[in-house]
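One structure is given here, and the rest of the page talks about it.
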Amino acid sequence: MPQDRYATGLARLREIDGEAGERVVASLADIAPDFARYLIEFPFGDIYSRPGLDLRSREIAVVAALTALGNAAPQLKVHIRGALNVGVSRDEIVETIMQMAVYAGFPAALNGLFAAREVFGEDAVAAS
Amino acid sequence: MPQDRYATGLARLREIDGEAGERVVASLADIAPDFARYLIEFPFGDIYSRPGLDLRSREIAVVAALTALGNAAPQLKVHIRGALNVGVSRDEIVETIMQMAVYAGFPAALNGLFAAREVFGEDAVAAS
Amino acid sequence: MPQDRYATGLARLREIDGEAGERVVASLADIAPDFARYLIEFPFGDIYSRPGLDLRSREIAVVAALTALGNAAPQLKVHIRGALNVGVSRDEIVETIMQMAVYAGFPAALNGLFAAREVFGEDAVAAS
Amino acid sequence: MPQDRYATGLARLREIDGEAGERVVASLADIAPDFARYLIEFPFGDIYSRPGLDLRSREIAVVAALTALGNAAPQLKVHIRGALNVGVSRDEIVETIMQMAVYAGFPAALNGLFAAREVFGEDAVAAS
Amino acid sequence: MPQDRYATGLARLREIDGEAGERVVASLADIAPDFARYLIEFPFGDIYSRPGLDLRSREIAVVAALTALGNAAPQLKVHIRGALNVGVSRDEIVETIMQMAVYAGFPAALNGLFAAREVFGEDAVAAS
Amino acid sequence: MPQDRYATGLARLREIDGEAGERVVASLADIAPDFARYLIEFPFGDIYSRPGLDLRSREIAVVAALTALGNAAPQLKVHIRGALNVGVSRDEIVETIMQMAVYAGFPAALNGLFAAREVFGEDAVAAS
């Protein structure tokens, strides 16, 4: 039932992307509220909730893809945070991004590493 | 020492990409033999040999990135095979590719799934 | 209700993509049957069924985007056919693709035009 | 005659992109003045002035393509404004961008929606 | 005068792309004859005819860009041939393509090298 | 020997990218120091140090590719500076970027020109 997709998706979104995910949803309220609903229902309700691949691997896949595409910096940062949230270590995130130098070039990897540094740095600030 | 990077890389290439990897290397012999060496030394000798991320996760990252980029079909097939070789299951590969519908669109995911079917199908033929 | 999204989506898929769309769905049966369902439910059940933009404009947008991306030739052909199916004329399709020379370069536009010629040519064969 | 292409193009540029288009042309004066001329002559004098596709559809195609490519944010904003200028409604622009979630992924669509919100917001400020 | 742009462009097209360029133009006759004219006038009549950069450097730039984009294989082959036609050596073409491994990844460079091998091989066949 | 690749690469990096290159290397110290080493060893120690293509042509190729890809603005600026450092003139850089309008579209070329203006402007400031 649709309600279930939405509820399941919202729980998944909160688990993975945390506050950053909720901010994205909130930011759509005035421009495209239906798109906020789709975002919760399809990616998080349908895809992220499938049992065949653990969340850690899903976030590694997403960090890799967004680093390689190189044209979605805000979403890359949300998912670097998301990867941390589901148990991927900082080192593993850095390794995933470095691996992209081979498949999408050094500039893509560099910009991914700088995004990671920014996300990791927020924790340092929050902890101080 | 360079010799070590090459030897380590060649072992890694064989472990991950198997015969398909060796065919790529061989196919460069006439056009760019130095590039075959770089391919062994940097991606496989340097990057894939780093301890901070397991090979399974590395191949999931590569299958995700090449599916999302959508412009390197031969290499995507080599790495779908590579993912199988290092213990990623067919289901996990399919999940990784489906996840890309969210981050790079349905056409990219569809073409990734068709590549996977082709690679999986080779096994069926080989087994018959 | 999910059933509705599926039924609505399937009707939309048939209206827009016709046989080519059904072939794509059928081709997923062995590798990723759930993805066939998502394809019907989200793009066609959710997005294409929204009232705010006519189908003609939606297909012009899709032909433009797939021409510009340049990495999804099979889907571009399906949607050139789809554009014809919802009333976009051959001339309008050609103009849409030519416009992409400005935004994605001449190679992208050329490959889009060659895809259009192929799709238009199938009609000539079918009519003879 | 070249003069005609330039004059026709300049009129088209003003009709579609308005002040934003003229700012782009002016901004090229010191770095590449010939490129400003080409920009007026080829995209606007040649392509946008062709009769086979209405301006509304052309701008829908361009907003779709630039959203999907995801690597030309300033030009996307100019053309969201351009779409408004030639009679595409805010709702139609939002629908066009949402459609791109299917063909280029959710991050591309999200960044397109945020660009639209920014452009729509300028009007609110101007009107207050 | 337009006639001049066309005549200049056609001469440039023949000088750079030779028969392959004329085949592209001819192939547009049935689907988009105006686009064949634009292709001659803008890229070749306007851009390639500018004095500020030698043809060798222009073709190196184009081979680099099409290798990096990785989504326009037919045009990459035409321009590898074009580079040879204006005096870029085979070795220099191979070096240009290898350089792209750094900026667009190894798969892009590999596919560029395989395109080069195909073009170089046509000469061997023609010479035998 | 590895030491040689590093020393050769560092000299090349300094020759081409100057201070901007060293800043990139320094900026990696806290997040991925090994990646700084790879950046020096593979792109600069291996590729840029090959004899088969002069540095001017290599930088023209890189400026072209990064302009066309359009998703790595910081690296494009570093290499516009790098092109100047190895003797490519401002005019030649502008021509290289304008050429990309044909192969990757006007938005990519525009953003490349704006990056060039920024880099050229730094010199004006430094000289005043």
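By written order: A, B, C, D, E and F. Residues from 1 in each chain.
In this section, a contact is a pair of C-beta atoms (placed from the backbone, for glycine too) under 8 Å apart; a residue touches a chain by one contact, two chains touch by 3 or more.
None of these values were measured; they are calculated from a predicted model.
Listing every chain that touches chain E and chain F alike gives A, B, C, D. Here the chain-to-chain distance from chain B to chain D, counted in touching steps, is 1.
Both chain C and chain E derive from one sequence, and where they touch, under half of the residue numbers involved are common to the two copies.
When chain centres are set by their Cα atoms, the one at the greatest distance from chain C is F.
The most distant chain from chain B is D, comparing centres defined as mean Cα coordinates.
By number of C-beta pairs in contact, D-F leads when A-C and D-F are compared.
Comparing each option in C-E, E-F or B-D with B-E by residue number, the pair that reproduces over half of the contacts is C-E.
A separation of 30 Å divides the Cα centre of chain A from that of chain D. Between chain C and chain F the centroid-to-centroid distance comes to 39 Å (mean Cα coordinates, whole Å). Annotation: 23 Å between the Cα-based centres of chain C and chain D. For chain D, residues touching at least two other chains, in rising order: 34, 38, 42-43, 47, 50, 66, 68-72, 75, 94, 98, 100-108.
Every residue of chain E that touches chain A in the complex is listed here, in rising order: 68, 100-108. Those residues of chain F whose C-beta lies close enough to touch chain D in the complex are 69-71, 94, 97-98, 101, 105-111, 113-114, 116-117, 120.
Those residues of chain B whose C-beta lies close enough to touch chain E in the complex are 24, 27-28, 30-32, 34-35, 38-39, 43, 66, 69-72, 74-75. Taken in their complex, chain D has these residues touching chain E: 1-2, 5, 34, 38, 42, 46-47, 50. The residues of chain C lying in touch with chain D in their complex are 42-43, 47, 50, 52-53, 56-58, 60-69, 72, 75, 91-92, 94-96, 98-104.
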